[in-house]
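Multiple structures follow.
Each of the next two complexes has chain A plus one other chain: chain B in the first, chain C in the second.
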Partner chain A sequence: MELICPAGTPAAFHEAVDAGADAVYCGFRDETNARNFPGLNFSREELKQAIAYARKKGCETFVALNTFMRAGAEDIWYRGAADAIACGADALILADFGLMAHVAEKYPEQRLHVSVQASASNPDAINFLVDTFNAKRVVLPRTLTIADIARIGKSIRCEMEVFVFGGLCVMAEGRCSLSSYATGKSPNMNGVCSPASHVRYRKDGRDLVSELGAFTINRFPEGEAAGYPTLCKGRFDIADSSGYAFEDPVSLDVMGELEALKAAGVSALKIEGRQRGKAYVAEVVKVMKAAVNSPPEQRGALLSRLRSMSEGQKTTSGAYEKRWR
Partner chain B sequence: MPERTRPGLTLGPVYYLWDAAKWRDFHFRIADEAPVERVLIGETVCSKRQHFIEPHLAEVVERLEAAGKEVVFSTLSLVTLARESKQIREMAAESDHMLEGNDLSALAVLKDKPHTISPLINVYNAPTARLLASRGAKTICLPPELPFASVQEIAENCPDIDFEVFAFGRMPLAISARCAHARSKGRIKDNCLFVCGEEPDGLPVKTLDRQSFLTLNGVQTVSHACQSLLGELDDLVAAGIRSFRLSPQDCNMVEVARLYRAVLDGVMGADEAIAGLQKIYPAAPLSNGFHHAREGAAWVARARNLQAS
Partner chain C sequence: MQLIPPLLTRPLGVVPLVVIERICRLMFKRIGTAHPGLFERLGEHKAKRYAFLPTDVPLAFVVEPASETIFVSRKTAELAADAVTEAPLFMLLALMEGRCDADALFFSRDLSVTGDMEAMLAMRNALDASTIDLSKDLARLAGPFAPLAGRVIGEIRNRALGGEATAWN
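Moving on, here comes the complex of A and B:
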C-alpha cells in the first residue's frame, strides 16, 4: 500500500520525500485548498521545485484543489488546475463537480483523484465520479467501517485511499457548515475550519475559556491542558449533562488495522496534517513507512512510538470501528 | 430574460422523527390549508427511521395531490450501507414521482430522469449547476451556506434552471456516521431505541456558558437559530429565484407558509411578517447571516440591509 503524506511547506515536503513517502500532497497558498491557513502552502515556483525534487527521488506529488469554486471566481480554481498540471502534478485532488468537469474535459490525460471533501461514501456515488470525470482514485470519507470499505472496494472501478492517522473529522467531510455558522468561514468555501482568526481565549475566574466567534467551545479548569477550539471537539451542555457532545479531543489512528485495510482492497494510506511542522511530518512518515514495510507481528513497537505523537496522545479508530457510531 | 413567473413555495422534508400519526396529520393539514405548491416527503436523515412513516405514505401522497400539490420523494442524505444504496436505486426505478437527491449516489441513479437537488448537495457555482441540469436536475435548492452574491451569480448564469433557496427553518449544518443524539442519552447508533423521537424539534446543544448554539436531530446537526429570509425575498426574486423552501419545524407551518406567501404577493411588509414569524416560532431566534456573507447564526436587521443597498 502507498503512503500518502502531507506537506504544508516546502521544508515539510522535503522531509516527507526523504522519509520515504510514496506520494506527497499539498496545495497552493490560496482559497483553492482545504488547508488555507496563514503561513502554509505553496507558491507556483515552490510547487515546481518540490515536484522536481520528489520526482528525482521516485516520489509522486498530488495537488489538492479541494474547496468548492466561488461563484463568479471560478478562474482562480481553473488557473490552479492549469498551473498544477504545468508544474507536473501527478494527480489533482478535487471536490467540486464543476472543477472536475473542467479538468476532465480540458486535460483528459491528467490523473484525477476524488477528495474526501466530495463525500463519495458508496459505490453508486464513486462510480458516478469514475464514469463522469474519469476519476482514478477516491479518498473515502471517515464515515465508513472497514467492512463497508471492503464491500465498496468490490464494486467500484477505481482505487481507494483512506485516512489512517492524524486529525479526525467527526462529520461527513464536505458536508459541514458548523464552522461558518459560528465564524462565516467554512471548509467548503474558504478552506478553513474553526479558523484561528476567530479564536479567542479568555480567563474567567480560574477557568480558561476558549471561544470561536461568539460561542464558547470549551472551558478548562486550572491545571487542565487547554486545546484548540475546533468546533466539533468542544464541550457542550445537552439537557443536564455536559461533555464532549460530538467527539473527544482525539486523533485518528488505525495503523493497527493495516492488514484489514489491505484485505479490504485499499491502495493508499493517507496521513492528515498539512498544518503540521516538518519535524512531525518527518518522524510520522518515517515510522509509518517502517510499519507498512514490516511484517504485522513486528509493528507493535513502531506503532506505540507513533501513538506518542498524536494530538493530546489519545487516539480513536473513528468510524472504521462500528461501535464508534 | 423570460418573464418572471409567480415564485412558489416548497415544503421541505420533515427532518425530525415525529410519531407516525403526527407526521400524517401534519401533512394532511398542509394539503388542506398551506399555500405551498410542492411538498417533499420521505426520511432523509437516518435510514433506521424509515419504517415510521411508511404506513401513512400512500394516504399522505393522495391527500396532497388531491389538493393540487406536487409531491416529490426525497432520499437519504448519507448513504453508506448496501441496503441504503439499494433503496435509492429501487426508488429511481419504480417511483412514478419526481425524486430529490440528497447524496451523490442519487445523482448517479437519477441520471436522465427529471429530479430535484436538495440543499445538501454541494452546488456552489454555475458550472456545477449546469452539470447537474445536463443530467436531469430540474430544480436545485441551493445550500444554506451560500451568500447572496453567489446565489445571484449562479441564477444569472443558469437562466434555464429553477433555483430554490432555503428560506425558513433550522439549517442543516452537518451529518455524521455517529449519532450524537443517541450518545447524549447513553446509547449508540446501533442500539438507539429511536431516542431522537423524544425531541420533535431537536435536542438543544448549549455552550458551557449556556448560550443556545446547535440542535441535534439524530445523526444530523442543525442550527439553533432559524433561517428567515422574509426580508430578503424581494432581492432573491429579483435575482431570479423561482421558489423558496420552508423546512418544517414543530410549529404552525401553515401560518409560516401564509406569511411567506403574503410577502411574496406584496400584501404584507417584511417587518410585519418577521414579527409574525417570531410569534409563530418563538423557540429559536431568527438568522440570515449566511445570506449576508456573515456567520450563519447572525441576524442582519432590515435597517442595515437598506443602508447597505
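Moving on, here comes the complex of A and C:
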C-alpha cells in the first residue's frame, strides 16, 4: 500500500520525500486549498521545484485543490488546476464537481483523485464521479467503519485511499458547518477550520481556556494535555453532565488495523498534517514507513513513539472501529 | 529538554541591557543575512510584533520583522507585542530551527501562546519553512574559528535537546 504524506512547506516536503513517502500531497498558498493557513503552502515556483525533487527520488506529488469554487470567481480554481498540471502534478485532489468537470474536459489525461472534502461515502456517489469525471481514486471520509470500507471497495471502480494517522475530523467533511457557524469561515469555502484569526487562548488561574469566536471551547486544568479549538472537540455542558459530546481532543491512529484495511481493498494510506511542522512530518513519515514494512506485532511499539506528538497526546481508531458511547 | 541553570541566568540580571541587545541584534542580523526571505511568508502579519519569553531566562525578546530588528528587555518591563510565546529558551531555539513540532509542544503544555494567534501561526510557519541552523549560521560570526564555534554550538544544542528533537534531515 502507498504511503501518502503531508507537506505544508517546501522544507516539510523534502522531509517527507527523504523519509520515504510514496507520494506527498500539498497545495497552493490561496483559497483553493483546504489548509489555507497563514504562512503555509506553496507558491507556483516552490511547487515546481518540489515536484522535480520528488520525481528524482521516485516519489509522486498530489496537489490538493479541495475547496469549493465561489460563484463568479471560478478562475482562481481553474488557474490553480492549470498551474498544478504545468508544474507536473501526478494527481489533482478535487472536491468541487464543477472543478472536476473542468479538469476532466480540459485535461483528460490528468489523473484525478476525489478529495475527502467531496464527501463521497457510498458506491453510487463514488461510481458517479468515476464514470462522469474519470476519477481514479477516492479519499474516504473518517466516518466509515472498516466493514463499510470493505463493502464500498467491492462495488466501486476506482482505488481507495484512507486516513490512517493524524488529525481526526469526525464530521461529514465538505458538509460540516460548525466552523462557519462559529466564525463565518469554513474549510469548505475558505480553506480554514476554526481559523486562527478567531482563536484565543488565555490563562485563567492555572487553567488554559480556549475560545473560538464567541464560544468557549474548552478549559484545560494544569497538567491536562491540550487540543485544537474546534467545536467538534469542545467540552460541552449537557443537562447535568460536562464532557465531550462529539469527540475528545484526540488524533487518529488505525495502523493497528493495517491488515484489515488491506483486506478491505485499500490501496493508499494517508497521513493527515499539512499544518504541522517539518519535525513532525519527518518523524511521522519515518515511523509510518517502518510500521508499514514491519510485521503486525512490531507496529504497536513503533507507533507508540508518535502518541506524544498527537492532539491531546492520545490516539483513537475513531469510526473505523465504531463503538457508540 | 534542558533548562538553563539559574547559576547561568543570574548574571543576566546585572549585565547592561544594551550589551545583551547588541549581541542579540548581531546574531539576528547574521540569521537574516543567511536567510533573506525568512519573513516573506508572514504576509500581512509582517507589520506585527512578536514576543518570545524564555521561561528559564529573566529576559524578553521582541521581534519586529518589518524593521528586521530584535528588542531585548527585562521581564519586569511592560511588553508591547501582538502575540507572545512562552517556553524554555532551548525549546524556543529548537522551534526557530524547526527541530520541534510546535503543536506537539502546545498539546503537552510545554509551550504557551497568547495574543494574535494568526500572526504567531504565520511566524511559526515562516520559521518552519526556513532552514535555519544556528550552529552554521552563527558560527560564521567567529570568523576563522567558525568550524570550532559550529561544533561547540552543535554540541550544546545536542545536549540541551537530549536527542528528543533532532529529527529533521
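The working rule: the second predicted complex is superposed on the first by the 308 of 325 C-alpha atoms of A that agree within 3 Å, B and C clash if a C-alpha of one lies under 4 Å from a C-alpha of the other, contacts with A are read in each partner's own complex, and residues count from 1 in each chain.
Criterion: a contact is a pair of C-beta atoms (placed from the backbone, for glycine too) under 8 Å apart; a residue touches a chain by one contact, two chains touch by 3 or more.
Since this is a predicted model, take the numbers as computed values, not measurements.
Shared-chain residue A:9: touches chain C; no touch with chain B. In the overlay built on the shared chain, the residue A:186 is in contact with chain B alone; chain C does not reach it. Comparing chain B with chain C, more residues of chain A are touched by B.
In the superposition on chain A, A:69 contacts chain B only, with no contact to chain C. When both complexes are overlaid on chain A, the residue A:174 reaches chain B alone and has no touch with chain C. Legend: residue contacts after superposition of the two complexes on their common chain; A:53 is shown touching neither chain B nor chain C. In the superposition on chain A, A:235 makes contact with chain B only, not with chain C. When both complexes are overlaid on chain A, the residue A:107 reaches neither chain B nor chain C.
Of all the residues in chain A, the ones that touch chain C in their complex are 8-12, 14-15, 18-19, 37-40, 195-197, 199-203, 208, 220, 222-227, 275-280, 282-283, 286, 308-313.
Partner chain A is touched in their complex by these residues of chain B: 77-82, 84-85, 88-89, 103-105, 107-109, 111, 120, 122, 124-128, 130-132, 143-146, 149-151, 153-154, 157, 171, 173-180, 183-184, 188-190, 203-211, 213-214, 216, 221, 223, 289-290, 293-298.
Chain A meets chain B in the complex at residues 68-72, 74, 95-99, 101-102, 118-125, 127-129, 131, 142-144, 148, 151, 170-172, 174-178, 180-184, 186, 188-189, 209, 213-219, 232, 234-239, 241-242, 245-247, 319, 322-325. Interface residues of chain C, counted against chain A in their complex, comprise 41-43, 45, 98-104, 106-109, 112-114, 117-126, 128-131, 165, 167-169.
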